[in-house]
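What follows is a set of structures to go through.
Both complexes shown next keep chain A, but they swap its partner, so chain B is in the first and chain C is in the second.
Then we have the complex of A and B:
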């Protein structure tokens, strides 16, 4: 270690330290070496080990195991990438993949819109007891997928269901929602929006609460209308929350299985097969878990790519003008 | 540029009356300081002028226009917040440019005006940074820049200097005053710091508990306080108060307290007889208006129990029978703790004990 004289650039501190010779600790060697220098962080490392082991067990082991499944056949023979290349020719898989993506594309913006609308309403001065509103609005989050599916199946019932009541009241023919491909898709999207938008609401509401009130006042005095302030102040501020909400809603809506199990069972035909339903059917009904694992990998990749895109375009702070 | 006229402004928050029937005229181009302790209604008054609060009663005029029902953006006022309220997701440049963008100013003009203002305030080097990466003083000047750049008719400043360090504050208060003189724009400046008020204001409006106590130039406020609140609040070493009553002694009127007997001039005695017939009043005297000598055998004697050297002057803490007086002396004072001084009172004020109003 070198002994050197420190001369503070700050005028206030200069006077006191200029006359004295002080030793200076060596500069840190970089974040990683600091993080992993066991000597300095013994307790920290020891405390981390249990959760690291748990993580390896529940996160990494299944992923590695999944790769092993993909690369072997049902009989345990090494088959390389055969499972994956078979997927590229599997039209049922293609249909399921497209259905999942379609669902994501419809449900994500709907959930964000509904969630943002609710968040703005509850956050506004007009909502009285906010805690009551919040606890009512997040009820769908507490309901399990299967129960939500069952509930909506009853709602969609051609004669007993609530959904058809306004139609028949207007003298229209009741719609048999779950037996036609396109109405079944709409019906499932509605269930998913009902089920997942409270999540978007919660995240965006938390985001709104982070926006300091005084910047709205500053914007109002500076000449911004409420609408303009929403665009210039609120939206940029809750962008990170938007990104998180988008990722979570996308993941939740594309991998849903309970809703499908409780309502359409993938029908009519294979019209409402999504990836999860396909993987479930492939591994537990047709008993081909190795082949299904290849589909799991595709699902993982899809989520990963979508997540990266959302983070890249939504989360990154706007710095340019 | 415009005059600001506040007529009978009253503002309630629930049952709490924050501002009570305030009348105030700020002349075109003047810098008026609203001065008072926290909770006196000064910020509420200013927020009413800005349009961020709606008056319960009363009218506010900017120029000839009654602005009660106008949105903040329609009033053409600029407000500098105590917290600065900078837009954290914008750069300093964008912060300053924002009001211009909202007015659809052409791009090259925005560029020019923002650069001009930044140069005037010495913050050109911060323009590309977000406010979070600027120092407190720089943030403060960015907030000022955002207010100046659009050339509003009225500047409103809500304790803009209370969050920066003492040295910079002294510098910035002069800077703001200079800017205001240069631009000639009407300014309402809210502060609880009486030194800031005294040094900056053309006119000071002292407020307490929602009501206006006195409006006047800094000298008037200091030399002729309208009541004991103003007298107590203004002055960096506060005024001394000696409770007592007026009495006749040997044909002359004196203010007699438990500790001192202080002769009162005939004019003052006459006014007191008119305004305060009971004669029960408190005598107020500023620390620099008390003269003392060490050898005199006068009537008003008291013991020094503490010296407070301030560098440029020394404050003598003098005690007599439970009454504490502060007296200003030169830095190199000859007085020592424990000395007995004989005091004489040069200029003083009398305040009616019942109403608190000054007798003059």
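Then we have the complex of A and C:
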């Protein structure tokens, strides 16, 4: 009875592939359930029900309700797919969607690179007290989005900020980062990399810890170079973790709202509107929750599609090799 | 001292072959130096915004206006701190504290039994599979996706802008995550001890209280801290549900303090320092728990 083992946290992933990459043995569940299987059902269900209700209230009720919102006008009349078709013609929405995707495309590889690099460094034998390094490096994960944005807004400030100091020291003109569309995009990407790369670091570090040490010794005996050992042994081992990290970093970077609220407020113009900011603006400031729900649906679809792609290409071993 | 310690553990952990050791010995120091330099740079990159904010909160106006900005304040002042306390930041701290603490406790109260049931009891096969699978799945859903329906529901019920609404929402928002992580924790604990207690005639509850809870306490504690940090930092739901000073949590208060144009940065820096401080303290005093909890939290899907 190893049901729980094979359930995966991610959509679209088969049980067999989870098993093929799992190195831990299944928990000794068989004996336990044989011994105490009697009359457990009712109590167990009772114990689970409160959290199930919570799940229904905050996750399933909203999703179902979202569909109803999409299909009705702001006055509650049935309008079919009008909200969605309006969305396809909404240039502000297009801008927001493209901005979110652009940000994901820039931030995800950066975060993974930074995260992997730091994970390898901390994991190496030269790092000294690992716990201290880890607890310093993951601090951004524990800072609120809005506070992170506020900090970086000060950092980017033309006179108060630190970011322009090296530029002026080199004799260059200081850049007023947040008032021009392209520099604001770069600035926000930097904030996101600062905020999210610790997540990739943490996950990949956990992944590295699962790699058995003795395979490296075997490889060293066989005369494999470090690079070769990394490419052929480490990477395949941390591949599932890499997939999780990719998905989570993508999701985090596309859903960010606090950093934008604190730094650019979507400006200049609408240059830094992302999906979350669009949804917030439409639903809360312009009071069009029904229309905003259509954008929520797009966001969910985007998350789902990205998740599926990453799982398919990163997690699952290619069998046709 | 730390160095020798590290070298010792490294030596015992990897057990390098003598040949390999001899080959590596020559460049050992250079490699180590490079690794440590890069790590120091990474730590600098991580910490510098926080240092900058803390410093900005005690800079005098003259220091704030100084170009180029000063890395160390020449004339530290507490004006900004006085102002932020005059703007009743302590009420926001109190709100955040109450909401985050209660939501954390209630969340644990409902998710520990669920995780226990999911790992230790024989439940209908599909029931557990579906519930647990879905709980893992929903971790990917953006909170803003639930925010609109919940906000409309809240307005219908007339419970917007109440602390208890925030507590309920934070509790339920974190439940799926908490069950998911706790389930992993419970699966890590071998069941032999518990079984032995049950064989000796202990009740199920007794076995849980005397055997299981002490064993998982460190993990439970780290998960509680993690949930507290999530709640302390929560921003999106608060954005929709906070309307007045009565419920305003710290993140929303900070947003309200951000000046758009003028040079009034000391005050919001002070507010930001207040928001980050407890988290930093938690990070350093509880580092072992926290790293374990965080790693576990994100990795337990494995």
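Structure notes:
Criterion: the second predicted complex is superposed on the first by the 267 of 321 C-alpha atoms of A that agree within 3 Å, B and C clash if a C-alpha of one lies under 4 Å from a C-alpha of the other, contacts with A are read in each partner's own complex, and residues count from 1 in each chain.
In this text, contacts are C-beta pairs under 8 Å (C-beta built on N, C-alpha and C of every residue); 3 or more make two chains touch, one makes a residue touch a chain.
Since we're looking at a predicted model, the values are computed, not measured.
When the two complexes are overlaid on their common chain A, residue A:194 makes contact with chain C while staying clear of chain B. By the touch criterion defined above, A:276 lies against chain C but remains apart from chain B after alignment on the C-alpha atoms of chain A. With both structures placed on the common chain, the touch criterion links A:84 to neither chain B nor chain C. Contact with chain B, but none with chain C, is seen for A:215 once the two complexes are overlaid on the shared chain. Legend: residue contacts after superposition of the two complexes on their common chain; A:233 is shown touching chain B, with no touch to chain C. Touching more residues of chain A than its counterpart among chain B and chain C is C.
By the touch criterion defined above, A:224 reaches chain B but does not reach chain C. The contact surfaces that chain B and chain C form on chain A in the two complexes overlap at residues 217, 220-221.
Within the complex formed with chain A, the chain B residues making contact are 50-52, 71-73, 77-79, 81, 83, 85-91, 93-94, 97-99, 102-103, 130, 146, 150. Residue ranges on chain C touching chain A, taken from their complex, read 2-3, 5-6, 10, 13-17, 20, 31-32, 35-36, 38-39, 42-43, 45-50, 52-53, 56, 64-65, 67-69, 71, 110-111, 113-114, 116-125, 127-129, 131-153, 169, 171-173, 175-176, 178-180, 183, 187, 190-192, 195, 198, 229, 232-236, 239-240, 250-252, 254-255, 258, 260, 263, 265, 268-269, 272, 275-276, 279-280, 282-284, 287-288, 290-291, 294-295, 298-302. Across the complex, chain C is touched by residues 1, 3-4, 7-11, 22, 24, 27-29, 31-33, 35-37, 40-41, 43-45, 47-48, 50-52, 54-55, 57-59, 61-63, 65-66, 69, 117-118, 121-122, 124-129, 131-148, 150-155, 157, 159-162, 164-165, 168-169, 194, 198-199, 202-203, 205-207, 210, 213, 216-217, 220-221, 240-241, 244, 247-248, 251, 255, 257-258, 261-262, 265, 276, 279-280, 283-284, 289, 292-293, 296, 299-300, 303, 307 of chain A. By the touch rule above, chain A contacts chain B in their complex via residues 212, 214-215, 217-225, 228, 232-233, 236-237, 317-319, 321.
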